[in-house]
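Alright, structures below, take your time with them.
Shared between the two complexes below is subunit A, which pairs with subunit B and subunit C, respectively.
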Partner chain A sequence: MGKKIGDFINRIGIPTFAVGLLLVVLLIAAGVMGQSIPTLISDILKRVGMNGLLVLAMLPAIKSGTGPNFALPVGIEGGLMALIVCMQFDFSGWALMGASAVLCIVFCIILGWLYGQLMNAVKGAEMTIATYSGFSIVAFFNILWLAIPFSNRKMGWMLGNGLRETIQMKGFEADKILSDFLAFEIAGIKFPTGMILVLAFFCLLSWLFFRTKTGMAIFAGGQNPRFAEASGLNIDRNRIIANILSTILAGLGIIMYSQGYGYAQLYNGPLNMAFPAVAAVLVGGATASKASIPNVLIGVCLFQGLMTTAMPVMNQIFTGTDLSDIMRIIIQNGVILYALTKVKSGGDR
Partner chain B sequence: MNNGILEFVNVGKEYSGHAVLKGINMDVRPGEIHALIGENGAGKSTLMNILFGMPVIHSTGGFTGEVRIGGEDAKIMNPHDAMMQGIGMVHQEFMLIPGFTITENIKINREITKSSLMSKVFGKRMESLEHAAMATDARKALDTMGMDIEEYTKVHGLPVGHMQFVEIAREIDKTGIRFLVFDEPTAVLTESETEHLLNAIRKLAAQGIGIVFISHRLDEIIRLSDRVTILRDGEWVATEETKNITAAEIARLMVGRALTLDRAEGDRKVSDEKIMTVDNLRVNMPGEEVKGVTFDVHRGEILGIGGLAGQGKLGIANGLMGMYPVTGKVTFKGEPLDVMKTNETLKKGVAFLSEDRKGVGLLLQSSIEENIAFTAMEVHNKFLKKVGPFTLTDDKAIRENAEKMVKDLDIRCTSVTQNTGALSGGNQQKVCVGKALSLDPELLLVSEPTRGIDIGAKKLILDLLKDLAEKRGMTVIMTSSELAELRSICDRVLIICEGKVAGELSPFDSDEVYGLMMSGVSKEEAMKAAGAAQKKAGGEANG
Partner chain C sequence: MNDMMKKLTGDSSFDLGNWVLDNIVTIIFWVFIILGMLTAKDLSLNGFFTELCNRFYRNAFLILSLIIPVIAGLGLNFGIVVGAIAGQLAIIAVRYWGINSELVGGTAFGGLGGLLLMFVIALPIAAIIGWLTGTLYNKTKGQEMIASLIVGYFGNGVYQFIVLFLIGAVIPVAAAHPMILYDGVGIRMSVDMGSTTYALDNLLQIPFVPFMIAAAAFVLLFVLWNQFIRKPKVEGQSYKMNPLKFWVYVILAAGVLAYFVMQLMTGGPMNDVRQVPVVLMLVIAALAIFNQWIMNTKLGQDFRSCGMNQTIAEANGINVDRTRVIATVISTVLAAWGMIIYLQNMGTLNTYTAHNNVGYFSVAAILVGGASVDKATIGQAVTGCLLFHAMFILSPEIGKAVFGQAALGEYFRTFMVYGVIGLSLGLYVWRANKRAKLAMPKEDEE
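Showing the complex of A and B:
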């Protein structure tokens, strides 16, 4: 019996097991304390939908051997820029979603290509460099938000130039536009059909992509670069493709996130957005060199589930403290730390 | 009168059930220069690791037999014990700190110290250094070897020959050094440096230090040593007084016919068509540098490439596949081939089985079927199918191909979905062969096909390669450290020495010729020496 449990933990991984267990305990505690379980589950579903694409963005990067995409803000800024440009031209509703998605792909191809070049130049130190690339690009875009003369009044300050810190999606009839699309309620649980459909669609696309010749080549290059080289593959090119894909997913992810949240957060908003996404995929059982779509989905459910449930429970136990956020930080960084200790230098070789 | 003799008594060693040393008996007398020779994998390094109590020995279950010094079990469990027993080693790669002076390098971790104010407060490790005394010691050690270089020079920038001497000086400065092992000390030296070193070794021996001299240069052994011990495949073959043996005889004993891989007699008929020509190929592969080789490959033949480790034989196949920077001209089927474009090379019908099966040959965490299909898919667009707008992998075709290979090549596995990391070495090699065959190559480059594979499976792999040439008309270039295996299936064998082709031999040439050529003797001389040795042997037999 004990051996069976051990095998099970080994198979799903210690972080996945620990976080899963904690989630179950918290859900029970929430129930005992009289929290509304359907509300909690609705919240979890909503956050899974909002964060799903950002976590999925980890998949191509990890598979290509560059490790978890700590430079997620690169794609996020691309997505935000697309959103803001479309808002400037007063797109609204579905048109805003569609136009910004298309523009986002254009921006992210450029950003992803540049970022891919950087990753190829710093082989062996990808994760550290990626983290700081993420920080740097946020600062760079902070300047852009101020310097580019956007003129739509809905986005500016009351006085002076530059964009506001948070821009209401409501002003562009895009607040929760996807979350509410085909949404329905069962037993008090609200199901955000639109977001889940989009997430499922991109998961399917990713699954298909990794069954194509290029997808297989990226995967092989990530698993064993020497093998890929001996098979005549251009590893650098494949890594760039993977990082472009990751960047695009991040850009689309922030558009989805913004509509679900109701606000587009500029300036330092994207600064720390990579870490929850990295933590989520690792909680889902991925490693810095191996990931799958189930890892992404399990990870985002567990991690966001934990974040959602912990807050009301902790707040009820320790009234007036900020303990739930502290716990989020501990778990998020703890999981990343755990995963990084498992990384051998220069990828998994 | 056994005092001070170093003896190996019935020493044996197994690595996870695989015997690498079997019942070695050898002794080194004080003041004697004892040469130790054998092919790669003959067990020289393992024997020396045992002598030094290296962790690699004791963390893998220790060894059997005894190492005795002066008739008593020396009980060497770690390198420190070896040092206490007065055993020193001069390494092939220098272990020196470039930014330190010669004196500092010689005295490192054995510094002469005197107490100071700091040490009175913080303990012995804070004592200050007695530079003058250390310099005197270093000078003495350098003088012992007749080396007139200032002891305060920094090691950085010294010629390699001098670095070697610093390394030796460090060993002889250790008090009570009784035995000194030289591991291929002349490999990196120029001729005059070598001469200087050999003289120094003679001087050391004259002072009563027992020398173990490991080298593959037969002429040095003949000139320098008093006795020579020959190992082959982990077994003791012979110990002889050097004055009673010739280089040719040593070569024969060293190469021998270890495992009998019988060869169907007679030459196979091979076409005259040249499928590949290689002109002045240089490959910058670290440790296996190729310095300009030229050869032709005929369609349908099995060409062997042999030589000792580090001489560049492995660099040739790796270079032809563009794994390392290459210069030189290569043509394939009459057309020039840009070997740096691996993809083109593969497309034109060249396939490669790497000597590094696990590192280069396989995706260890992927299934057998994926491994077999992968390269063919990427290179020839095989195993793909159109599904709507997508071109996806054709799982059915991949499965069928893999199952056919498993059957044809007799790959032992639970199913084709098993990860290749879980297979034995022989079966992994067969998966690599399957991967190469899926490419339908005309020319197959095979490096060390039987490395790390047990004897039974070796034969299967070799038969398989022979079948490919004979039944499918494939051309094979096989690189191997094992002469026996080259000679069992190849039509011609090129011997590579110091990055160049030393000569071409027939598989039927004698062991002496092979052994001599591998140690750098030219073909004519090797033939002559071998002929003389055989005549002598024949004469003895008649007489």
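Showing the complex of A and C:
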């Protein structure tokens, strides 16, 4: 019996098992303590929808052998810039969503191409450099938010120059526009159909992509670069394509996140957004060199589920202290550290 | 240009392009600071130097704690954050007891004694944490730097759990204590350092100008002695610097000497710069000497071997994993002490945020001094500390002077912090990869 449990844990991975177990315990606790389970599940669904694309962005990067995309802010800033530019021209509602998505893809192709070049130059230390690329680009865009003379009054401060820290999506009729699209309610659970549909669409697209010739080549290059190189694949090019895709997904992801959240967060908002996304995909059972769409979906459900459930439960048990955020920090970084211990060092440097 | 430099440095293998690449970050900073000095008109010279010196006394020890892991091949230890956390735990403990015992008329553990007690308490905490992180780095070989960054975040989570919850909920404390939050659980946002504030800074102070005169004169004499009188210990070995370096040193030292003598005579603005805390300077110097000394011991040689090539080190009978753990422990303990020194200068501990930027700022500073993933010297740490913090002081001033917005300058300096780390680490890996690629075909031909 004990051996069977051990096998089971090994098969699904320690992080997945631990986080899953904790989630179940917390859900039971929430039920016992009289929290409304349908509300909790609605919140979980909402946050899964909001964060889904950001986590999906990990998939191409990991598959190509670059490792988890710690430079998620690169794509995020691209997406935010697209959103802000469209807002400047007073797009609103669906037009804003559509226009910013198109513009986001343009921006993210450029940013992702540059970032891919960088990743090819620093093979072997991608994760460290990626993290600092992410931080640097956030700091750089902080300057842009302040320096570019955007003039739409809905985005500026009351006084002075520069954009506000958070911009209300409501002002552009885009607050929860996707979340509420075709949304319905069963047994008190609100189902954000629009967001889930978009997420499902991009999962399907990724699934199809990794069945094309290019997709398979990217995967082969990530699994065994030497072998792939020997069979005539252009690994560097494939890694760039994968990173462009990852960057685009991150950009679209932040647009989806912003509409679900109701605010576009500028300045240091995106600074630490990569880590929860990395942790989520790892919780789903991915490693630094292997990931799949089920990993992404399971991961985002478990991780966001845990975060959503922990807050009300912990706040009820320990009133006054925000232990749920501390738990998030510990679990998120613990999971990443655990994954790092499993990385095979690429050569003795 | 290149030939001229070759002649000047007396080094035939000198390559200007490589030299620029090696020192790109330092060059950028020099340019930035010189431009900054020219544009920021509102800046008073004595204000600038007071602030710069203050920041130097505060940060030098922390930055020096980074050197040993670099030499031992662990790269830049962003994990000094957990060392800083250990220091903060010691501070919290000592301040808690101090205030408690003062209430009943006992000793307040203030002043220098309190500070020393903090050092003593921080030692075992930091050693244990260092041992744990060192063990983790051994499990993440090749990825130590990202691991050390995440260790900092993880440590932050655990630390917050301790100070926000365990203290009060598990560890019994007096609910009415002025350091404890109102409901009796957790430490307040800020902890006053009490009379340990400036305990080290105030110990013995001398005015800035005479200190600089003495320092410049010492450097000048040392360089001259080194060049012309010093006899090598071993036949054929020479301590002599190349002519360019020698003249740069001599002219700089003489210039500084002349400038400060003039300041002293004319009573210029430099006389208003804050006094030099001699004992603190001696402590920093002691750490520098310790770093230098340890490299001459067997342990130091082991560090160096591990840093050069782990496989060869292992083959030579060095216990690589153990050596790396020792390097991490030393670095963590030094960081804990560095944080205590930092906070005695600040006067208040911001319980939940003080440690957050220690890793980034220290690493950025040593990189600005010209260090890289596999080499770091005391000189680089010192110049890096000065250059980095000069940039830090100047940025908002430049933002104000050029763009009319101080906030822009503040964002710009954050960009510089992350940019510097990204740029120098990226360049290092890129060049290492290029070298590896160049070396590969040759092996194939054999």
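Heads up, the rule we're going with is that the second predicted complex is superposed on the first by the 346 of 349 C-alpha atoms of A that agree within 3 Å, B and C clash if a C-alpha of one lies under 4 Å from a C-alpha of the other, contacts with A are read in each partner's own complex, and residues count from 1 in each chain.
We take it that a contact is a pair of C-beta atoms (placed from the backbone, for glycine too) under 8 Å apart; a residue touches a chain by one contact, two chains touch by 3 or more.
Since this is a predicted model, take the numbers as computed values, not measurements.
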item	value
First (subunit B), second (subunit C), both or neither touched by A:L146	second
First (subunit B), second (subunit C), both or neither touched by A:V122	second
Subunit B or subunit C, by number of subunit A residues touched	C
First (subunit B), second (subunit C), both or neither touched by A:A230	first
Partner chain in contact with A:V102 - subunit B first, subunit C second, else both or neither	neither
Subunit B and subunit C contact sites that coincide on subunit A, given as residue numbers	none
Interfacial residue positions of subunit B with respect to subunit A in the complex	321, 323, 341-347, 352, 354, 356, 359-366, 374-375, 377-379, 381, 384, 390-393
Contact set on subunit A toward subunit C in their complex	70, 118, 121-125, 127-129, 131-133, 135-136, 138-140, 142-143, 146-147, 161-162, 275, 318, 320-321, 323, 326-327, 329-330, 332-334, 336-337, 340-341, 343, 345-349
List of subunit C residues in touch with subunit A within their complex	136, 139-143, 145-147, 149-151, 153-154, 156-158, 160-161, 164-165, 169, 183, 185-186, 309-311, 403, 405, 407-408, 411-412, 414-415, 417-419, 421-422, 425-426, 429-430, 432-433
Parts of subunit A lying in touch with subunit B, wherever the complex brings them together	208, 211-213, 216-217, 220, 223-224, 226-227, 229-234, 290
